[in-house]
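Read through the structures below before going on.
Consider the two complexes below, in which chain A is the common component and chain B and chain C are the respective partners.
Moving on to the complex of A and B:
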């Protein structure tokens, strides 16, 4: 068994920090948070260095720590409570469940998938995603950024499938509305 | 007859719920029929479904597009400062 000490960490930082940051930014869109998560990863690696047996490569080991840290981040975000006002569907629907007229989905003129390549459109999507309540943002980010299946998200966040489905529904209603307001009404 | 009407006619709230259930999980046969019937009569919910699918696609590809605009040397140094501190 190889005895590892601080110089190795320094070498790892030099070798893997950029790659880890790139991965973190792919999974968490906020740069500052992604940097913190990578920093935490190296901190945890330093503390747990004695548990690293060299059975996997340092790179694999660091990336697995990073993955834990990313899920941890979303887990803490998902613990935030959502205000009753955000949860209410009355913004979108009448008491009987029909669309409120101003919130009725209109046909989007330019709804072809190529719009998804437009950096400005992506920015609108990103901002709309950020505007969601923390808990919903965490669920949606885990689903799409981390590419997790429903049951994995439920397990990671300790919520039921019905609960997740409701969160997705409310998030999508808000996202759709936000995109329509900020993209289609402005163009 | 009234019962049949209740089964066949969804509110838009319920219809959008089923659209999201369809995209994230799976619908039962009854739910599939309910949703199909609703969409033939409701343009807004049909728009909603098309747009929700588009948003789904967009979200799947949203990660990774952020440009990495980070001073790597400073970043590495800050990590080293932190980890060395942790060693003491």
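Moving on to the complex of A and C:
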């Protein structure tokens, strides 16, 4: 059996780092964090080198480590506590559960798929996502960026399905409100 | 007679959702985890409440936007991971091996 040592890792960095970073940046919007995650991937690979038996290609192995590291990142985000003010629905609904007048969803004009061709709109979207509490952002990102199923997210983040629905509900309410305020009211 | 009215009123309340619950069901429906009874309640509510209908429509749009956003990379092209950055990673790897 071939024994792998530092030169091989160095070769892997040269060969795969760019590809890994590209993948990471699709899943994590912050470039610096994506670079850290790639570096962590190689550090973890070095540490676990003895477990790499060459059954899969180094590339496959590195990508699987990267996927774990990306989930780790979202998991740490999900551990952040959410302030009671963000949790409260009183901003959106009256005590009897009716829409609060200023927060009633209004019709959006030109709400179509082409709107995403506009970089300004994408920026508004991304800023609205960033404005969500970190925990909610992690759930939403895992759902849509990592394309994970609901029960996988619950398992990865250690939350109940009811919890996840509440988070998605509150995130949608906040995103909707943020898009309306920063895009439709400004135009 | 008024007794009947109260009964009807109570019965209506069991069937009619408030907007807060209706919007929660809208979010939940994406996961198709909604019971038949709750689906019917939601459908009845959406028939009569235009704000919740709007919320449902926008909620679908947001889901779609999110999925597309996840496939658009706004960052500068990354195929040029600089040699310095690669060197940095290799240095970190060597540092770790040294400490082990």
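Note that the second predicted complex is superposed on the first by the 187 of 187 C-alpha atoms of A that agree within 3 Å, B and C clash if a C-alpha of one lies under 4 Å from a C-alpha of the other, contacts with A are read in each partner's own complex, and residues count from 1 in each chain.
Convention: a contact is a pair of C-beta atoms (placed from the backbone, for glycine too) under 8 Å apart; a residue touches a chain by one contact, two chains touch by 3 or more.
Just so it is clear, the structure is predicted and the values come from calculations on it, not from any experiment.
Participant: So if we stack both complexes on chain A, do chain B and chain C clash, or do they fit?
Facilitator: clash
Participant: Now for A:93: first (chain B), second (chain C), both, or neither, which partner does it touch?
Facilitator: both
Participant: Of the two partner chains, chain B (first) and chain C (second), which one does A:55 touch, if any: first, second, both, or neither?
Facilitator: neither
Participant: Which partner does A:109 reach: the first (chain B), the second (chain C), both, or neither?
Facilitator: After superposing on A, A:109 lies clear of both chain B and chain C.
Participant: In the superposed view, which residues of chain A touch chain B and also chain C?
Facilitator: After superposing on chain A, chain A residues 6, 9-10, 13-14, 17-18, 21-22, 25-27, 29, 31, 35, 38-39, 42-43, 46-47, 89, 92-93, 96-99, 104-108, 111, 113, 115-116, 119, 122, 125-126, 129, 140, 143-145, 147, 150, 161, 165, 168-169, 172-173, 175-176, 179 contact both chain B and chain C.
Participant: Along chain A, where are the residues that touch chain C in the complex?
Facilitator: Residues 6, 9-10, 13-14, 17-18, 21-22, 25-27, 29, 31, 35, 38-39, 42-43, 46-47, 89, 92-93, 96-99, 104-108, 111, 113, 115-116, 119, 122, 125-126, 129, 140-141, 143-145, 147, 150, 161, 165-166, 168-169, 172-173, 175-176, 179 of chain A touch chain C in their complex.
Participant: For the complex, give me every residue of chain C touching chain A.
Facilitator: So the residues of chain C touching chain A come out as 18-21, 23-24, 27-28, 30-31, 33, 51-52, 54-55, 57-59, 61-75, 78-81, 85-86, 88-90, 92-94, 96-97, 100.
Participant: Quick one: in the complex, what on chain B touches chain A?
Facilitator: For chain B paired with chain A, touching residues are 11-14, 16-17, 20-21, 24-25, 43-45, 47-48, 50-52, 54-66, 68-70, 72, 75-76, 78-80, 82-84, 86-87.
Participant: Contact residues on chain A for chain B in the complex?
Facilitator: Residues 6, 9-10, 13-14, 17-18, 21-22, 25-27, 29, 31, 35, 38-39, 42-43, 45-47, 89, 92-93, 96-99, 104-108, 111, 113, 115-116, 119, 121-122, 125-126, 129, 140, 143-145, 147, 150, 161, 164-165, 168-169, 172-173, 175-176, 179-180 of chain A touch chain B in their complex.
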